[in-house]
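In the two complexes below, subunit A is the common chain; its partner is subunit B in one and subunit C in the other.
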Partner chain A sequence: MLLKVEDLKVQYNTAEKTSYAVKGVSFEMERGEILGIVGESGSGKSTLGLTMMGLLPSHASYSGHVYFQGRDVIPMSFEELRQIKGDEISVVFQEPMTSLNPLIKVGKQVEEMLLLHLKDKDDAMTEAPDGTKLNRHHEKLSKEERKKRVLEMFEAVELPKPEETYKKYPHELSGGMQQRVMIAMALMCEPEILIADEPTTALDADIQDQILDLLKSINAKRGTSIMLVSHDLRVIRRVCHKAIVMYKGEIVERGTVEDIFEHPQDPYTKSLIAAITDEKKNSNPIEGEAALEVKDLSVYYVKKSEKLGEKPKKNVICKGMTFDVKKGEILGLVGKSGSGKSSISRAILGLHKDYTGEIIHHTDKPQMIFQDSAASLNPARKIGWILEEPLKNKKVEPAERKRLVKEMMERVELPEEFLDRYPRQLSGGQKQRVNIALALMSGSKFIIADEPVSALDVSIQEQIIELLLKLQKDLDLSMLFISHDRAVVERICDRVIHMEDWKPVS
Partner chain B sequence: MKYILKKILTLIIALLVISIIVFIAFSVLPADAAISKLGTDATPERIEALREQLGLNRPVLERYFWWLANAVRGNFGESFQYTGVSVTSLIASRLGNSALLSLISFVMVVVFSIPIGIFSAKRKSFLGRGAMTTVTQITMGIPSFFLGVLLTYLFSLVLHWFYIGRYTPPSENFLAACGYLVFPAIAIALPKIAMTVKFLATSIRSELHKDYVRTAYAKGNTRNGVFYGHVLKNSLVPVITFMGIIVAEIVAGSIIVEKVFSVPGIGTLLITAITNRDYPVVEAVVLLIAFFIIAINFVVDMIYQAVDPRVKL
Partner chain C sequence: MKIKNNPSLIIGIIITGLILLMAIVGLFWTPYSTTQMDISLKFAPPSFAHIFGCDNFGRDIFSRVMQGAGTTFLVSLSTIAFGMVTGTIIGFLAGYSGGWLDEVIMRANDVINAFPSLLLALVFVSFLGSGLLNIILALGILFIPSFARIARSEMLRLKGMQFVQSAVLIGDSRGRIIFSQILPNAYISILSSAAVGFNNAVIAEAGLSYLGLGVQPPDASLGRMINEAGSFLMQAPWYAIFPGVAIIVLVLGVALISDGVSKID
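This part shows the complex of A and B:
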């Protein structure tokens, strides 16, 4: 038994309240296993890993046992645990950019692992399952030897041009490469367990797959056990052997990944699985009039010149883009982060003027729904006031305004009492419902939804998607749905177009 | 390249604007160099003759352009007060004293504020933090010239560690000069040390919550390893900019403190020149200080770029 967790409880104590993050959790992990821990934010899944590493903030208190190779790490002193950290248990975090020290070259940061864990081990040579000898003896390595090891590890995690990458600073690398550096760092001392805490959440879809494949191959080649923490069941299914489903600090389901997917027992697990299966919307292509026509659209930014006397540069986001959104259709626009999806929506709304080509609206001015549900609601006003505002501009009588707002609240399935609340008193999902209501309030039939569910938990995502589909049907809306998440887009859209198809050739 | 050109352009514009402001100020002020030199008892004829001689009766604009034409050639003219003495030689004879005073003050700020800042940031208890904040707040609030008066009273009049007015220039006895200048330097540096301590401590505390610090712990660093290997350098990056401001304030602050401690430096020269309406001297000194401050700004940018790989100028 590599890891045995017994009745682990963690709570965070703040001046206002005590919140229980983990409520008496027990599980085991075998050597060589990839164990997935699934749950949404606040389920306590990340707290598990942090507790094992002694990385909990000072206002956290905990009890229980975490036996790592038979030794309980919970009562260990800082110094005892320090010797294990990085050497036998290591971790990869969600945000590779901020998790690396911005002022130190990445090669040096990885090399630091060798300098930190210079101790004798009796089992200096261990054998990996595929027969390769792994040296676990880092003592008295010369500078050249250390660098050689780092470069070897860079190659093992498939970083291109190891020698050049060694000298790079974190900001000079892409997100995927930064995460590979983090993985290289975590593997430098050949740990027994690698804790990967949402390692792909901050990355683009195709990079996510590469990193997950890398983790799988590390497990196969080196025999490193991996604890993969994620909110995304697809990630778990792709990589893990076994999984634990956590909900509000408790384990609600456990077993092999096949078991969990084929015979889920707990209703929460069932809802999670339902959210990712039955993915495609079965619909007929919609014919008829267009709500929006875009012809030969090129959107660009004017970049100030770097040198004196040079003409300003055009930074082209898309070129020759032509599409239309039919009345009553949901059109998906998919692209990576930074691919300029949002710039296109701004151009359509008339907020971004630097474009050529034609944008023809056959409906009223489109309304927007944004990713950040909190940022678009005035924090100083009550929901009722916020929803009435577009009607005030249209000079609708107060009594009529109240009636329309109440009707809208019913449509987006929010209780009437919420009209007297401030945005901060609502959850993320509820706030997004208010945003949807706000977009519909002006009576516009055309909605641009820019990553409307990306910031929400999986189960809430599902509810918001259901709501959007229902509203689209009831009100015969047309929608441009922008997202980086192919699964969500396939679930909701009638037709999908891809940013990549209109990228300028560079 | 573009950056350097931009800096040079800023420098030229700033110096021009400053020189114009000084000229305007002097044309608005009551009395002029002639009255100030001869005294109010002198006959109007004598004052008028001196004005003629100094060129003061010509229009302001004409005088300005005449001064500017000479200044760009490096000729700042003669002092009105000390007849026949060039402004350049007046400044040159005092520059060393002021430079040494500013240097000692700056070294004091660096040497004391960094360790105290680290010590202050590490205080975790309510009491420890409160005590550090109180001390820094009080020290920050004392004006340098007032501190100067206190220091002269204590060290000169009571303890006799130095004698006010008995200053030896560094060219004669370097150590003796340093020994005397330590006291005005304390007066200048103390409030600046308090400011830097507070700034550094705040910077350290905000760094401690960043993700890379968690990574550093996860790697198995000791507490000191995390602090000195990762946190400190990151916390010092914003302090570099802050130090640039501090240097400018030291130079500005030394003007009055020199006077309090009777140090024959640029500051004393400037104050006397203003009282005597000796505008060629004032122009030159003000421009020199402005030039220095802009140059410091440039040096700070260079250091910033060297320390933080994310900054490209």
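This part shows the complex of A and C:
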């Protein structure tokens, strides 16, 4: 038995209230196992990982036992815990960029682990004269040897050209490579267990797969046990042997991954699985008039030259893009993050002027639903004010404005009281509903949705997608749906086009 | 907004409120006339009849502090109001439009900033002539750059945010975007620096009056009174102490308000 958690409870105490993040959770983990912990944000899954690393914030209190190799880590002192951390338990976080020091070469950062922790299983602990145990192993490795080990590890995590990567700074690496560096760092001291907290959430779909495959192969080759925390069931299914489903701080389902997917028992698990296995929308190409025509569109950015007298550079995002969106159609535009999807939507909306080609609107001014539901609502204004704004611009009478706003709130299935609240008082899903309402408020029949659900939890995603589909039908909207998530696009769109087809040849 | 959990705001409002109340009462009623001289009371020390004592002309200092606080309030408030409104508009304009207009406005700001502010005020006053209105104008101009800079940086922070783009899309006009969408997000930082500015204005007015360029006799302002008291510091220390304490308490009160405002989330 590698890890045994017994009746673990964690609560966060703030001035206003006490909230229970984990409510009496017990589970076990065998050596060499990949255990998945699934749940939405707020389910307590990340708190679980943090507790094991002793990284809970000071306002958290907890009870229960976490036995790691038979020793209870809960009552351990900071120093004892520090010995275990890195040596025996390592962690990989979601955002590699924020976990790496931007000013130090990545090779050095990984090497640091050796200086701090290296475990030489035979005689790492030498006795000092006074009988206390001292960790002296770092004296044993020469500089060259340390570097050699780092390079070996870089190879093991499949980083290309280890020698060159060693000398690079974090910002010179792609997100996927940064995450590989983080994994290398975590594995440097050959830990017994690796806690990976949403390790792929910030990455593009195909890079995600590579990192997951890497975790799997590390587990197979080195026998490292992995605890994979994720909100994404697909990730869990791809990698894990066993899984735990958490909901509101409790375990609602556990078992082997096959069992959970084949015979889910709990209604919550069922809904999660349903959300990812939903069938594709029947794609029957819609004939008819176009709502939007884009002809030979090239979007670029003008980059100011850094050197004096040099001509400004053009950074071309797409070239010769031609497509149309028919009336009543949802067209999907798929591309990786950073591929310029959003620039195209901004060009279509008239927010980005640097483009050539033709954009012809056959409807009113299009409206937009942004990815970040919080940032697109004015934090200083109440929902009611925000939703009335488009009507004020159209000089609609106050009483009529109130009526229309209430009607719209009903459409997006929000209670009327919300009109009197500030955006920060709403949850992510509710804010996105307000954004949808705002986009529809001016009566536009053409909506551009830029990753409208990718920042939301899985079950909320599902609700928002349902809502968008319902509104599209009810109001006969045309939509350009932009996303990096193929599964979502295939579910919602009538037709799909791909960014890659119009990438400039570099 | 939780005022309950904001002790600095509460205490600040109480202190400032008390002085403001005293000043307002002083407009209509003072225990003694503020101008009537009585040579028999020259440098009378504090007593029950004259709790702050009397000055070199035998005038009641308490009555003059009441009147002087009013003048100081008026000058400081108008100065800050002028500086804040003009500075915010200028700063928003510079931040929103960017480009050469931004450059021109901000460099003009730098020019004003390049001179010690009190010296510049002296230049303005000697150019415009002394008197209440001219002091307000001169000090007000001095406060424009600090507000312009804050307003500009708030604008730069906010104008790139998505809700502004969203406002463009729903057809908001430029003025509406600046004043209805962006201003409500910026006002807390502008207001909290207004409170700091108010204190500087109190001190600047006192300084100008101290130099004899501010309020003219026989009118009282707190600074003016300290100016006059300077010559009699050994004979009648209470003449300088009480107006001085009034300034300190006022500045403290407003500083607490400023602290409280900046804590409002």
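Note that in this section the second predicted complex is superposed on the first by the 484 of 506 C-alpha atoms of A that agree within 3 Å, B and C clash if a C-alpha of one lies under 4 Å from a C-alpha of the other, contacts with A are read in each partner's own complex, and residues count from 1 in each chain.
The rule is simple: a contact is a pair of C-beta atoms (placed from the backbone, for glycine too) under 8 Å apart; a residue touches a chain by one contact, two chains touch by 3 or more.
Just so it is clear, the model here is predicted, and its values are computed rather than measured.
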| item | value |
| --- | --- |
| Subunit B versus subunit C as contact partner of A:427, first or second or both or neither | neither |
| Partner chain(s) touched by A:379 [first = subunit B, second = subunit C, both, neither] | second |
| Partner chain(s) touched by A:389 [first = subunit B, second = subunit C, both, neither] | second |
| First, second, both or neither for A:102, with subunit B first and subunit C second | first |
| First (subunit B), second (subunit C), both or neither touched by A:356 | neither |
| Which of subunit B and subunit C A:18 touches, first, second, both or neither | neither |
| Touched partner set for A:256, first subunit B, second subunit C, both or neither | neither |
| Between subunit B and subunit C, more extensive residue contact with subunit A | B |
| Interface residues of subunit A shared between complexes with subunit B and subunit C | none |
| Of all residues in subunit C, those that touch subunit A in their complex | 161-163, 165-173, 176, 180-181, 184-185 |
| Interface residues, subunit A side, partner subunit C - complex | 349, 351, 365, 367-368, 370, 372, 375-381, 389-390, 393-394, 435, 438, 441-442 |
| Residues of subunit A defined as touching subunit B within the complex | 53-55, 78-79, 82-87, 90-91, 93, 95, 98-104, 112-113, 116-117, 169, 171-172, 182, 185, 306-308 |
| Complex contact set, residues of subunit B against subunit A | 1-2, 5, 210-212, 214-223, 225, 229-230, 233-234, 237, 307-310 |
